[in-house]
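Next up: some structures, all given as structure tokens.
Each of the two complexes below includes chain A, the first together with chain B, the second together with chain C.
Right after this comes the complex of A and B.
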């Protein structure tokens, strides 16, 4: 098993609340992603066995949603909102700066496996633009200085 | 490290403070806890409903209040509830649409993070009104802190008997599940949301049957926006007439507006419907004017799905009817302000990239059309536009509009059409001169 006992327990707990097992596809994928940082065929098989839904149906759903990457990403996932409210306040320039500082292009991961940089659609932080989501946290009202400090902090393991 | 949405509201300065209710306690750092929520009168409406009201009386009260859906469509909430067949032997579901993802809109997140119990209380009352015993809160997956706060509030509500079996000794049972999304704008559309809970791709369903008749797992289902549901406990506590006394004849109550873009004081503001857009943008207690002392170029009044307004149309009351009359829509209340140095072609390119990315692919006009639009607009933006490109854009837009089963197709083209109408010279300039008409530089 790739899924941990803890994850399997969480899936089973939630499964008991759902009127139909297929409804558990997204919650199970989400829990698997939280543990592993990716999902793939082996995971679909394991989930399929727990919730008793065909593997194909799980794979099909997983293919549609952007939050289920098929490969592991960096320790810190940097998601820069690049939709209009953030773009009006310099989000494009912010992505350029991140590309320069991390020496990667958007979509790529640094060699040390620390950072993955992606540009994403609206994250619902329009009044506090520009912003970046790092793993679970929103960092808002960013300036060049705040962004640089943030990156330095992460590099130094803060 | 935990970061919750910094609140930029006018809660303290607002004229007519007594009318504020959605944001009355939003600046209270402990409002998210059950204890504080109860001190502020929380769950009183839920008790009233279970103790003294029949489901049809709840529906009647909400109908009378004039509350309309705050997610974008503006459909009367009480009327929606009344569409659930009374004699259906099937179970019913109430789904709270917390998939807030209309660009320019960030109001539901504030409610969920700062006042999660009011969302749960509103859901519970809605559930009771339609005879539902299992309700879902569908929260977009990126909103980790909203999810955390709603889940925590739900646990607290269960532990103190506000949810669960035989609530307040009434004999009514109500369970709740928090279901999280995974990064798809389409799941904010009610049938996409239903498919997503069922474990399917978040694609739209053809209507009829409408969800109220046949929705989640083929059972009668009501989908309401966070803000709509959050208004319900206040309506029960203070009465439909109080709610009606705010706003306009047809657009009752207050509404949250997210003000973003080139504005001095961006933030979420609660105002009565019918409030002046001009005032929201320029008044010192609200937007306090355009940033960097620039002139206004355009306003997108209701999230990126709504047509752009030219500066001469900004003196418009923010209500459903007036904005339609002005050629746009109230939408979700995401007001995006663009100053004079913003290139219209660049702006539209951002929007069409978004819609092309989020199109679920079910309807051909939207799936193919948004891609064609993006290619042509990208070409114009890159200085490779041709003389007949604008006519092509007109034609493709016209062939998407009204030809898809969900509103995403219309949402993708209406903003484009509005700019092709009002800023056609600028589009033309971009094609002829292979560059922007304005000197745009959004540095960071």
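Right after this comes the complex of A and C.
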């Protein structure tokens, strides 16, 4: 079992709240993701056994949502929006800057396991573009300087 | 509730709308798409499928509806009163063009190298509705998987399925059919947007018993099957309408053949709503390959000096004449017996019976080579139950469906799907009542697993529960009660392993049903106690009036089992059939009737000296291999007709090559009693002959003709078929005696021998495609059972019974949940039936792990 006892218990507890077990797919994936920071096929199989929904349905749902990383990722997930508003206001330059500073490409993780960088579609924060989401938090109205400061802060464990 | 939904769909209320200027009245709930079809307007579509729920994925079926601002998808728009629709306005035509242009944005346009060319919906609709150019000049998005790459980005996703994601137009038909119609979860749609892809479940392959359908319904060349691809272009083949020879339902099929090569290239569905909904099991789809097999028997063989050597038909017939003649003259025709396959056509079956009964004057014939010991009783409860009327179409009209003693996915694929449809589309409630957990359970409201060998007690339990709850007529209850209450309900609970609540649930379901389908299957039919179980069913039928509000029958398993019954192919035919035969022939042998079991017994006693098998292989299939082989080895003169060398032909003195059903026209009666014709697709291969010809040839050796001509033969058959062959149930309730279950602790695990979901009988192992799904025996065990003996999936297990021993790999089942073992009988490499004892009600075995 990759899922911890605690996660399994949480999944089981929630299960009864849903009239159909299928409804439990996303909550279960979220719980797994919270524990591990990613989900993958082994997790789908484990969830499938707990909630008794075919592995396929879980894999399909998980693959649809880019919010679930499919492999282990860095401590900090840097998601830079690259959709229209952000793009117009310089999102590409932000990603380039991060690639340069972290010495990785989009989709990669730094060797120290601290950062994973990806670019994503609209995060619904267009009026404060460009923006980045770091784990669960939004950082808006980005500038080069702001980005550098953010990065330094995280490196130093802030 | 169920009724409400059904009414909506089967519809009483109607609406009237106007489509392309024509008024049409349709049942409420009908989509615009189908309303249009009713007046002959075919709206182009990709994702719509007659037997699936609409999704509106492809947008091809656009129509213009007055008062609606935009084009609407007709497949997912319900027609309403007063609606005015146009299916071919300027706007619609442009809309379609745009849809095609969009659909083709990332499509590789590789028709010349695509196997679907010539029968591709996308190709056809692009020609009829699309542009001849595209405005999208950028690079197409391509799916490429480097390591697994075959040709043209092909990806093998199952034993027989090749996927090309670049061609996929995401109609989701494959995924929907798999989930909605088959209840299978091995193909899915992943990711989203332009990255969306169809693929096998991660870590798995698409290998469900209906997987071939996915290829057939794919509107483009995204799914193709290795069976057919790149062998021939579809326009070079001719089609022949026929029926399946591997099932009792007679699902309708189309053969694709080529005359110069005298070769069948594939089989596809030929949707017949009354029977099959256009879905084929893989057995039906790929089973035809046995016709083309190189390993077919090509010429007659005769035994010379202990070895079988090639011979001409004349030589072989001369040998038969000599030996059968000798036996007849010296010991009498009663020393000749025969066994024929119930998958053969009416003419063959009837000729066989006539040969034996009028020329050999023997009553030693049977068509059930795989049923254990049958007592020779005419019109026994089992025979009655098996003669009951049944309608496949009525399954989906039923609100309650009970499957009893049947593992449908191994016996009746077609009915398996029908029941799924009844539940998923028409809100029927299904109950699965079996001695082990079966695949239908996922759609069943309740699955009840009773302990093996207590079948009639379960039925008694249902009856007693109904009486206790006063769900049935009290005078009937009073009559039945004394006959079955030797065991009280709570004792029955103990014996069967079912709870009182479960008996009550079933009793309530049956009594409250408005229309019921009660299916009894092979687990009962093959049981030694089939008569006792069917006697209990007779009581149940009477008590609840099941047939007054629906159907109850033991389903016939093979392509022409029903025909065999109606034509009197058992040693003890129906009384009415026997009388009719006497009338037609002016004679009927008055010697003892001998069925398979007693014939084998007599072989051992050297009272049966000559034996003819036709298309059947008792050495493999008789549920007691030791017994069968001892008998057959004793026979002085054995003639075996088959398509292939089998364990039985190996013993034969004369072997005759038999035609497949694709090589001649033949009539078959399906489990509903419907006569259908299997049309000849190709000329007989090699020197093979149809069984009815062979019977005529054998008769001619005695200087007689079985029939004046084909017409007179058909008239005789007609005469028999016109009889009402539904036998009446006994007038009174029957006493069900009870014998205590004896289980031997040294062989604790009940064993069931059945068909692999990808095989049927002894012939399908000659189909290379079916072998790709499953090619050797295994023992299927529940997780718990496997853990008990300490084996993992695929590890060898020794399976021992009091009479035999085999070693096969374990297969951990996703379905089983009790301690039973299931082993397929379809592979010559494992002598499965050597574990069985013919007079045992439930065979049981000991399972041990094989130490490396």
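Heads up, the rule we're going with is that the second predicted complex is superposed on the first by the 158 of 158 C-alpha atoms of A that agree within 3 Å, B and C clash if a C-alpha of one lies under 4 Å from a C-alpha of the other, contacts with A are read in each partner's own complex, and residues count from 1 in each chain.
The rule is simple: a contact is a pair of C-beta atoms (placed from the backbone, for glycine too) under 8 Å apart; a residue touches a chain by one contact, two chains touch by 3 or more.
As the structure is a prediction and not an experimental result, all values here were calculated from the model.
Undergrad: Answer with first, second, both or neither: which of chain B and chain C does A:84 touch in the superposed model?
TA: In the superposition, A:84 touches chain B alone.
Undergrad: In the overlay, work out which of chain B or chain C sits against more residues of chain A.
TA: Chain A has more residues touched by B than by the other partner.
Undergrad: Quick check for you: in the superposed arrangement, does A:126 touch first (chain B), second (chain C), both or neither?
TA: So A:126 only meets chain B here.
Undergrad: Could you say whether A:110 touches chain B, chain C, both of them, or neither, answering first, second, both or neither?
TA: After superposing on A, A:110 lies clear of both chain B and chain C.
Undergrad: Look at A:54 in the shared chain and tell me whether it touches chain B only, chain C only, both, or neither; answer first, second, both or neither.
TA: Touch status of A:54: second partner only.
Undergrad: For A:20, select first, second, both or neither according to whether it touches chain B, chain C, the two together, or no partner.
TA: A:20: touches chain B, not chain C.
Undergrad: Mind working out whether A:44 is in touch with chain B, chain C, both or neither, as first, second, both or neither?
TA: It touches chain C, and chain B stays clear.
Undergrad: In the overlaid three-chain picture, which partner chain does A:64 touch, first (chain B) or second (chain C), both, or neither?
TA: Both partners, chain B and chain C.
Undergrad: Indicate the residue numbers of chain A shared between its chain B interface and its chain C interface, in ascending order.
TA: 57, 60, 63-64
Undergrad: For chain A, which residues count as touching chain B in their complex?
TA: 14, 17-20, 22-27, 29-30, 53, 57-58, 60-61, 63-68, 79, 82-85, 87-94, 97, 121-130, 133, 136-144
Undergrad: Tell me, which parts of chain C touch chain A in their complex?
TA: Touch residues, chain C against chain A: 185-192, 201-204.
Undergrad: Using the touch definition up top, name the residues of chain A that touch chain C in the complex.
TA: 41, 44-45, 54-57, 59-60, 63-64
Undergrad: Using the touch definition up top, name the residues of chain B that touch chain A in the complex.
TA: These residues of chain B touch chain A: 1-3, 5-6, 8, 91, 100-106, 108-109, 134, 140-145, 175, 177, 179-185, 196-202, 217, 258-262, 266-268, 300, 304, 334, 336, 338, 342, 347, 350-351, 354, 357-358, 360, 442-444.
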